[in-house]
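Letters A, B and C mark the chains as written, and numbering starts fresh at 1 in each.
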Amino acid sequence: MTAANPAPRRWSRFRYPDTLISFAIQLAVLVFIAYSAVHLDVKFERLAELFSRVWALLAERYWPPNLNLLTTPRFLRAVLDTMEMAYLGMLFGVLFAVPLAWCSARNVTPSRRVLYPAARLIVMACRAVHEMIWTILFVSILGFGMLAGVIALTLFCIGFAAKLFAEEVEAIDPGPVEAIRASGANELQVFVYAVLPQVRVAWTGIVIYTWDVAFRAATVVGFFGAGGMGWYLQRYVQQLDNQRVAAVLLSIVALVLVSEIASAVARARIARGS
Amino acid sequence: MALTVAPGLGMVLRNRNLRLLRAAAFAAVIAAIAIVCLHQVMVVDTDWARLGGFAAVMKTTGRFIGIDWSLLPLLVVPVIETLMMATLGTVVGAILCVPVIWLGALNITPSRHLAYPLGRLLMTVSRSIHEIVWALIFVSAVGLGSLAGILALAMRSIGFIAKITAEAIENVDKRPIEAMQATGAGTLQVFRFAIMPQILPVVLGVLIFEWDINIRRSAIMGLVGAGGLGLTFHRQMVMFNWPGVTTVILAILALIALGELLSHHARKAVT
Amino acid sequence: MAILEVRDLRARYSKGGREILKGVSFSVEADDFCAVIGPSGAGKSTLIRCINRLVEPDSGSIVLYGRDVAQISTRELRQTRRHIGMIFQEFNLVNRMSVMDNVLAGRLGAVGTLRSIVKLFPRGDIERALAMLDRVGLIDHVDKRADQLSGGQRQRVGIARALMQDPKLLLVDEPTSSLDPKISREVMTLIREVAREFHVPVLCNIHDVQLATEFCSRILGLQDGVKMFDGPTAALDRRKLDEIYAMEVL
């Protein structure tokens, strides 16, 4: 025991004002949730019964799906269109994302005052706007068709990939960067020789991930007029042709799952190879 | 010495050339596919005549510039409802996650060969189906309105929340558990003092993260009739009120920015 | 009378694995600071963990204060563990919890389940925790998160937690392996002091023979699950040390 400073007898778990503020915030969140539930008329107690009702309804209405539709050449063309849009969206999205990621990474951006905030802003703008809103905007400017879809998907992918790319760049070992800089290289050379080799593997994974989200979005952009399978979805929903709607939905889900499995395999191969 | 070095150097050069060749071939394939796709999009699919040229396109884009100030007071309720939808969607999703997490975490799953793959499959399916698709399903099942949106967001959120939580449970540090057991604590106490403090921050963090993403998603639920700002957006579009459309988009961006701010600080406080 | 009497203890580290302890017998007296030394794989850690049955022994008896720990039921085991304090190699603290809560956790066995779930520990426990933290020199860090402390400080929290139990026996598993030499000596000094102060015998697994001979009153030498030496520190000479470590390949 320290004689000069005997053990204090007072200790309380509740510290003012921290504990009070923390409690107030938690209470506010709970009140907001409760109020939302009341305002939007959502009854939690009936959740279980709701789901069984939903399941029964869907089973009755959407079964059996009209699978004939899936083999028509026009639908298959639409599937191919979807893949093409997703491919272009991913490709151009990733290509534009590389310089944007470089500029929006705090540690290696070539210009902290101008390019860094600008790049951050562009990436944020691309990410904040939902891909469906981009789609609707470009459809209204460029008309129906794949062009609007590709541009919308590209913008979406730019935002998606650039953020993830930049996160990887910000996590690299500063050693090689310092070394290359010290040898008198310009910023672009620093990027190519010190940054890229370190993030190569992670970035490849991100590109595959971008394909996944691009394809998933591409299947739906047609709903808002941008070409691909989604257009059929919209048409049959409007016509209340539930069996065909079910067929399109099933094909969308199946294709996305296949794509995800392929991506997972590709990612595993890369992880093993590195 | 020169004799032993030269063949080695030759091999290095050959390997390097091979790698460059492989990279070039890869790039060529990528470009070839891109050209095929571009052809389909730009040549086959696009009716350039109707677009009318660059000037016409710019004019159309110009229509969106401008804010419809009269719309602002009408946006207050949809903005709040969008926020509510995102919140409830996350909460319901978290509740629905519980069985999925139980199935999909290796150390607590009842069966490694059946239940565990099922759990992971449910997580994948949840994430693979686009929120618009979920919304269409639920609008069809429970009708137009925010309930469909909430359920759609919930189903979409399950995948990520369950995945992160299951991983946290699988990676729990066993050492504090051992220490609590050594003091003679009961099972519930071990859970409360050794396991919960490790998992709770992760769970809260992912819930806040998903809530933030759900704000972005809930803004468009209304496009298919599932409530929120999306409905306002749709109305402005069909009324051809282009500045109105821009105003709604700005409102959505503002809401998302607010969400990101709250989410950033909340996650810092919790983790 | 011996506090702890171990007879013919046999154990495996995991089910179906090879036998780690091959019939070890020894006893620990009231004022002992007993070090268990030996090469890697000798079974030192397994031996310590068998005493409070974190590792289940295959056979043998572990008699603590007249009760055979190896035979008792799970519920009785929990009660017995309340009186055995344990200090771990990697501190085994709950990193996100405060130092205070980590120390209070030492009393979980004694506090009712309901009270502990809401972290409502009795005033007496809180005062005792403050006293323990003062004793180990961490009174200024009471509300810090455990992961904000240095290694040496974390081990001291672990010591305070063990002392909270008012233990009848202290089990110590490699207390200094994760610490640098200077901090290691401080920790060993602290353990020796508090053991004397609170009259608790210590059974300590330690791989640093230097520290063992300097701080401990008795040495237990293990090699390949078999006891090779059992006596006061003074009796451990070079030759006997070589015997214990004979199999170790550097």
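Just so we're on the same page, contacts are C-beta pairs under 8 Å (C-beta built on N, C-alpha and C of every residue); 3 or more make two chains touch, one makes a residue touch a chain.
Bear in mind the structure is a predicted one, so any value in this text is a computation, not a measurement.
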Overall pattern in which the protein chains touch one another (line/ring/star/complete/other): complete
Comparison of B-C and A-C (more C-beta pairs in contact): B-C
Whole-Å separation of chain centres (CA-atom averages), subunit A against subunit B: 4
Centroid distance [mean C-alpha coordinates] between subunit C and subunit A, Å: 50
Centroid spacing, where centroids are CA-atom means, of subunit B and subunit C in whole angstrom: 48
For the subunit C and subunit B complex, residues of the former touching the latter: 52, 54, 77-86, 88, 90-97, 101, 105-110, 113, 116-117, 158, 161, 165, 171
Interface residues, subunit C side, partner subunit A - complex: 100, 119, 126-127, 130-131, 133-135, 139, 142-143
Footprint of subunit C on subunit A - complex, ascending: 1-2, 5-9, 11, 13, 15
In the complex with subunit A, residue positions of subunit B that touch it: 30, 33-34, 36-38, 40-42, 45-47, 50-51, 57, 60-61, 64, 81, 84-85, 87-88, 91-92, 95, 124-125, 128-130, 132-133, 136-138, 140-142, 146-147, 150-151, 216-217, 219-220, 223-224, 227, 233, 237, 245, 249, 252-253, 256-257
Subunit B-touching residues of subunit A, taken from the complex the two chains share: 32-33, 35-37, 39-42, 44, 47, 50, 53-54, 57-58, 61, 81, 84-85, 87-88, 91, 125, 128-130, 132-133, 136-137, 140-143, 145-147, 150, 216-217, 219-220, 223-224, 227, 233, 237, 242, 245, 249, 252-253, 256-257, 260
